[in-house]
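Following: one structure in C-alpha cells, then a few remarks.
Letters A, B, C, D, E and F mark the chains as written, and numbering starts fresh at 1 in each.
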Amino acid sequence: MGARLIAMRLHVVNPNTTASMTAKIAAAARSVALPDTEIDARQPAMGPVSIEGFYDEAFAVPGMLGCIRDADRDGADAHIIACFDDTGLDAARAAAKAPVIGIGEAGFHLASLIAARFAVVTTLGVSIVPIEHNLKKYGLAERCARVRAAEVPVLALEERNADALAKISAEITAAIRDDRAEAIVLGCAGMADLAAELAATHGLPVVDGVAAAVTLAESLVRLGLKTSRLGPYAAPRSKTYSGPFSQFQP
Amino acid sequence: MGARLIAMRLHVVNPNTTASMTAKIAAAARSVALPDTEIDARQPAMGPVSIEGFYDEAFAVPGMLGCIRDADRDGADAHIIACFDDTGLDAARAAAKAPVIGIGEAGFHLASLIAARFAVVTTLGVSIVPIEHNLKKYGLAERCARVRAAEVPVLALEERNADALAKISAEITAAIRDDRAEAIVLGCAGMADLAAELAATHGLPVVDGVAAAVTLAESLVRLGLKTSRLGPYAAPRSKTYSGPFSQFQP
Amino acid sequence: MGARLIAMRLHVVNPNTTASMTAKIAAAARSVALPDTEIDARQPAMGPVSIEGFYDEAFAVPGMLGCIRDADRDGADAHIIACFDDTGLDAARAAAKAPVIGIGEAGFHLASLIAARFAVVTTLGVSIVPIEHNLKKYGLAERCARVRAAEVPVLALEERNADALAKISAEITAAIRDDRAEAIVLGCAGMADLAAELAATHGLPVVDGVAAAVTLAESLVRLGLKTSRLGPYAAPRSKTYSGPFSQFQP
Amino acid sequence: MGARLIAMRLHVVNPNTTASMTAKIAAAARSVALPDTEIDARQPAMGPVSIEGFYDEAFAVPGMLGCIRDADRDGADAHIIACFDDTGLDAARAAAKAPVIGIGEAGFHLASLIAARFAVVTTLGVSIVPIEHNLKKYGLAERCARVRAAEVPVLALEERNADALAKISAEITAAIRDDRAEAIVLGCAGMADLAAELAATHGLPVVDGVAAAVTLAESLVRLGLKTSRLGPYAAPRSKTYSGPFSQFQP
Amino acid sequence: MGARLIAMRLHVVNPNTTASMTAKIAAAARSVALPDTEIDARQPAMGPVSIEGFYDEAFAVPGMLGCIRDADRDGADAHIIACFDDTGLDAARAAAKAPVIGIGEAGFHLASLIAARFAVVTTLGVSIVPIEHNLKKYGLAERCARVRAAEVPVLALEERNADALAKISAEITAAIRDDRAEAIVLGCAGMADLAAELAATHGLPVVDGVAAAVTLAESLVRLGLKTSRLGPYAAPRSKTYSGPFSQFQP
Amino acid sequence: MGARLIAMRLHVVNPNTTASMTAKIAAAARSVALPDTEIDARQPAMGPVSIEGFYDEAFAVPGMLGCIRDADRDGADAHIIACFDDTGLDAARAAAKAPVIGIGEAGFHLASLIAARFAVVTTLGVSIVPIEHNLKKYGLAERCARVRAAEVPVLALEERNADALAKISAEITAAIRDDRAEAIVLGCAGMADLAAELAATHGLPVVDGVAAAVTLAESLVRLGLKTSRLGPYAAPRSKTYSGPFSQFQP
C-alpha cells in the first residue's frame, strides 16, 4: 500500500464576506478532504457580499489577500481561493509561501482529464468574459466548448432553490445538445452541493471546483510542489503601502 | 477644415501613490493633449508607491477605482489608467460612465498601426508575464515580438538617470537585432519622457503609452463612444461592501 | 489645458471611383476632424466604382496608391484608406512617408477599447472572408464575435435607403442576440452616416471606421509616429515598372 | 478534519516490457500514494523494451490496452499510463470503465498550478514532436516554453547514471537561462527518482509525472469522476477483431 | 509538353480487415491514378473490421504498419493510409523509406486549395474529436468550419445505400447553410464513390480523400520528396520487441 | 495500372515582367509536368521586373490577373502564380473558372506531408512578413519554424550565382541548427533550380514551390476540383472599371 498520510492544513478562503457561504464551502471541502487534512475556512472582513463581475472582484482581493497572508503565517500548507473567477490568484501566488489554487482552474484541469470538451455553467452573464479571460490565460480555452450563464445570482444559491436548480439544469441540457459538451464544470463555489445531483440527472460528469481544488491542493502538498519564485510569482519587493493597506506592505 | 474643438476633461490616474510620478505623467499628458482638453491627474491616497508585479497591482486597484469614481462623478469625459499593466482596467470600465483606457493597451494599439511587429521594454522581469497576459487578452500577442525587461525599478525612472537609460537602450538594441522588432512600446508610465530620445537614437518608432492613451481617449470622446454596457462592463449590481470599501459599494 | 493644435493635412482616399461616395466620406471625415485638420479627399481615376471582394480590390489598389503617392508628395501628414477591406494598406505603408491607416483596422482598434467582444456588419457576403483575413492579420480575430453581411451592395448606401438600413439593423439585432456582441463595427465606408442612428436604436456603441480613422490618424501625427522602415514597410527598392505603371516606379 | 480515506486500487501500467522499469515506477508511485491506495503495477508481455518515438508507441499500445482491460476487469479504480508520451491514452479512455491519466498530462497540469511557464526535459530528440502534439491537443502548448531533449536513451535511466543526470541538468540550466522556464517537467517515467535532487540543485519546482499522476488519479477516484461517455470516449462498438487482437474485440 | 511519366507503385493500405472495402478503395485509387502508377492495395490480417474511434485505431495500427513494412520492402514508392483518421500516420512515416500520406490530411490539403473554408462530413460522432485532433496537429483547424457526423457506420457504406446517402447529404446541406462551408471533405474512405454525385447535387466541390491522396502521393514521388529523417520521423532505434510484435522490431 | 492520362494545359504566370525568369520557371515546370500537360508560361507586359515586398506586389497584380483572364479564356485547365508571395492569389481565384495555385502555398502544403516542421528561406527581409501573413491565412503558421531571408535580390537568382547559393545554404544550415527545421521550402520562384543541389548538400528535403504547384495543379485538374463559388471566390459582380482597367471589368 501507499505512503503515510501527511497531516496538512488547507486554507480555503471565500473571497466574499458572506459567512453562510464560507460555511457551505468549508463543508464541501471537508467532505472530500483527506483524514489528516484540516480545512481552515476564512472570509475577509472587508469587501463585497458576493462576487459578480470585475468590479466586485477588485474589492474582494485585498481582504482575500489578507486572509492568505494570515493563513500563510499561521502555517497553511496550501491555499484555495473559493471563487470561480479565481479572484486575485496571481497576486496570492506572489504573496504566499504555500501554493495557491483557484477553484476555477481546479475545475478546468480535472475536467480536462475526463472529457475532450467541457462546458461551464456559471451564475450571471457578467461573469462569462472574466471566466473566458482565465481560460485563455490558462491555455485551456480550446477545451471549453462554451461558458454559459444560468442567470442565477450568487446569493440565490445559498440555500437549496428549485428555481436556480432548474435554470442550471436547463443550461446543462443546452450544453450537451448544442455545444457538444461531454462534461460540465459548475461555475460558482455556491453550486458545490449540486454536482452529484446534476451528474445523475444528466448522465455526464459534473465537476465542482471546490472539491477539485481540495484534492489538487493536497496533491501539491503531498508532492512538495510550491509556486516557482523565478518568474511573476517572485516575492514582492519591499516598498511603502499607504492607507488601510500599510498592513499588507511587503 | 474640421469640426469645432470639443472641450473635455481627461482624468489621468496614476495608480500608485507617488506624487512626483503623477506630476510627470500629467506633464506628459498635457504636452500632447488638445488645447481644449483639461488634464485632471490624480493618484490614490492608499496603495503602493510603485506597481511592480501582481501583488502591488492588487493593492493599487481600490484606490485607483476611488479616483475613477470621484472623477467620473466630477464629470470626467474619459479616464486613463497610467500604469503599463493596465491595472484594474476591466473593473474601471464597469465602474465608470465615461470610457477608460489603459496606457498599455494604448501603446499596443498605436504600435500596431505603424509596425507589423513591435517589442515592449518594461522595468522589471516580474512584469513580463502580467504584460503578456494582457497582450493575450487584447488579442495582440502575435503582434508583439517579445516583452523585455531592462531590470530598472519603476522609481528609478523618476528622474533622468543615465544608467536606466542605458539599460533600456540596450534592450532596444537587442529587440531590433534578435526579435525583428520594428517599433518599441515603452513599458512604464515613468518612461514617458524618454520616447523621443530613444526613437532618435535607434531609428525606429518608440511609443509612449501615456501620450498614446491621451489621444485615444480624446478620440473616443470626440466620437461619442462609451464602454458598452451589454457584456462584462454592465454597471455593478447593488450590494453590500464591508469595511473600508463600504464607500465603493455599487 | 493641453498643447497647441497642430495644423495637419489628412489625405482620405476613397479607393473606388465613385465621386459621390468620396464626397460623403469627406463630409464624414470633416465632421469629426480637429479644427486645424484639413481633409484632402481623393479618389483614383482608374479602377472599379465600388469594391466588393478580392477582385475589385486588386484593381482599386494601383489608383489608390497613385493618390497616396501624390498626396504624400503634396505634404499629407497622414493617409486614410476609406475602404473597409483596408485595400492596399500594406503597400501604401511602404509607399508613403506619412503614416497610413485603414478604416477597417481603425474600427477594430477603437471597438476593442469599449467592448470585450464586437461584431462587424458589412455589405455583401463576398467581403466576409477578406475582413476575416484582416482580423487574423491584425491579431484581433478573437475580439470579433462574427463578421455578418447585410447583403446590401456598396452603392445602395450612397443615399439614405430604408431597405438597406433595415437589413443592417436586422443583422445588429442578430449579433446582439446570437453572437454576444457588445459593440458593432460598421463594415463599409458608405455606412458612415448611419452609426449614430443605429447606436440609438440598438443601445450599444456603433463604430464607424471613417471617423475612427480620422482620430487615429490625427493621433499618430500629433505624436510624431510614422510607419517603421525596419521591416516590411521599408521603402521599395528602385526598379523598372513597365506599362501604365512606369509612373509608380520606386 | 477531512473525510474518511477511500480504499482504492490504482493500476499503473508501464507500456514497455522492461520489468525493472515497472518496478522503479511502482516504487515511485507507492512512495506518494495514499495509505489506502494499492498500486497495481503491470507491464505488457508484448511490445518494445522502451518507447522512443512514434513507431515504438504504436507497438506498445495493444499490450498496454490489454493491461488496462485486465486491470479494469479486476476492479481498478483508476489507471495511469506511465509513459511520458501518454501512449494510447485516448484509446484507453474509451476502453476502461475507470478513469485514465497519462503521466505527461499529469505533469503538465500540476506544473500549470505552480508556474506561469514551464519547460519539459525529455530523453531523445525524437520525442519532442510527440510531446508537442500532446501539449497542443491538451491546450497547454502556450504554457510550455520549450520541450528539450537531453539525448539520454530511456533505458540509460534505469540505474543512477551520472552522465545522464549531468545532461538533464544542463538542459534545465539552459531552460532557466534561455526559455524563461519557471518550473521543469521531467519528460520520462524513468526520471521519477531525479526530481527532488534536480529541484534542489536548480532552485525551481521539478515535476515528476508519475507522482503527479498518482495524486491526480486519486483525486478523480475520491471525487467519483469518471471519463465521460458522451463524446470520443464512448464504449467501442461491438465488432470483429482478427488475429492476435481477437481477444481485445469490444 | 511535360516530362516522361514515372512508373511507380503506390501502396494503399486499408487499415481495417474488410476485404470488400479494400477492393472499393483500390478501385477508387486506380480510377484516378496515372497510367504508369500501379496500385498495390493491401489490408492487415489482424485488427478490426472497421475503424470507428480511438480504440479501433489502436488495434488497426500494428497490422497496418506490417503492410507498410512489407510494401516498403517490396519497393513501394509511396504509401497511402486509407482511413480518414490517418490512423498510425506518424508511426508509418518513421517506419517507411518511402513517403506516407493519410487520406484525411490529403483531403484537407486539397480542399484548402479550392476553398477558404471547408467542412468535413464523417461517419459517426465518435470520430469527430479524432479528426479535430488531426486538424489541430496539421495546423488546418481554422480552415475547417466544422466536423459533422452523419451517424452512418463505416460498413454501411460498403454498398450503395440510399439511407446513408440521404444522411450525408443532409449534413452537407446543413454545412452550407449553417457553417458557411464552401467545400466538403468526405470523412471516410468508404465514401469515395459518392463525391461526384454529392458535388453535383449540392453545387460545391466535394473532396474524396482517397483520390486526393493518390495524386499527392504521386506528386511526392515525381518530385523525389521523401519524409525528413531529421525530426520525429527518424528511423526507429534498434531494440527488442516482444510477443507477436517481434517481427516488427526495428 | 491507373487511369488514362488527361491532356491539360497549365497556365504558369510569372507575375513580374522579366522574360528570362519566365523562361526559367517554364523550364522548371516542364521538367516535372506530366507528358500530356502543356505548360503555357506567361508574364504581364505591365508591372515590376521583380517582386520584393508589398509595394511591388500591388503593381504586379493587375497584369498578372490579365494573364489569368486571357489564359482562362484560352482554355487553361489550371493556373499557377509563380511568385512565392502568392501575389494576387485570392483575386485570381475569383477571376478564373479554372483553379489557381500559388507556389508559396504549394510549397507549404507539400512540405507539411514530409516534415512536422519546416523553414522557409526567401530572398530579402522585406518579404518575411508577407510570407508570414500568408502562412497565418493558410493556417500553416505553426508548421513553419521560421521564415529566413538570405538577403539575395530576386534578379540575382536569374543565373547561377555562387554567392547567392552560399547565402541560401548558410540560412539552411542555421535553420537546421537553430530552428529545428526538418525540411526547407525555397522562398522564391527563381530558386527552382537549386532544390536538388541544396537537398543533397544538407541532407534534408528541399521543396521548390514551382514544381510543387505543377503537381498540385495537375492533381486538381485530374480530380475535377475547381474553386468553390460559394464564398469569397464567387464570380465578381458586374460593374464599371475606369481607366486602363476597363478591359478587366467583370
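Note that a contact is a pair of C-beta atoms (placed from the backbone, for glycine too) under 8 Å apart; a residue touches a chain by one contact, two chains touch by 3 or more.
It should be emphasised that the depicted structure is a prediction, and the values quoted were computed from it without experimental measurement.
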{"item": "Fewest hops from chain D to chain E - one hop per pair of touching chains", "value": "1"}
{"item": "Type of chain A:chain D copy interface by residue overlap (half), same or different", "value": "same"}
{"item": "Selected pair, greater C-beta contact count between B-C and A-B", "value": "B-C"}
{"item": "Most distant chain from chain C by Cα centroid", "value": "D"}
{"item": "Repeat of the D-E interface, chosen from B-C, A-D or C-F (over half of contact pairs identical by residue number)", "value": "C-F"}
{"item": "Far-end chain from chain F, centres as C-alpha averages", "value": "A"}
{"item": "Distance from the mean Cα position of chain F to that of chain E, given in whole angstrom", "value": "27"}
{"item": "CA centroid of chain A to CA centroid of chain F, Å", "value": "52"}
{"item": "Gap in Å, rounded to a whole number, between the CA centres of chain F and chain B", "value": "44"}
{"item": "Residues of chain F whose C-beta touches two or more other chains", "value": "116-117, 128-129, 180, 231-233"}
{"item": "In the complex, chain A residues that touch chain B", "value": "17, 44-50, 52-59, 61-63, 65, 88, 90-91, 93-95, 125-130, 133, 136-137, 153, 231-234, 236-237, 239-245, 248-250"}
{"item": "For the chain A and chain D complex, residues of the former touching the latter", "value": "1-5, 30-39, 99, 101, 105, 109-110, 112-117, 138-143, 176, 180-183, 196, 203-205, 207-208, 211-212, 215-216, 218-220, 222-233"}
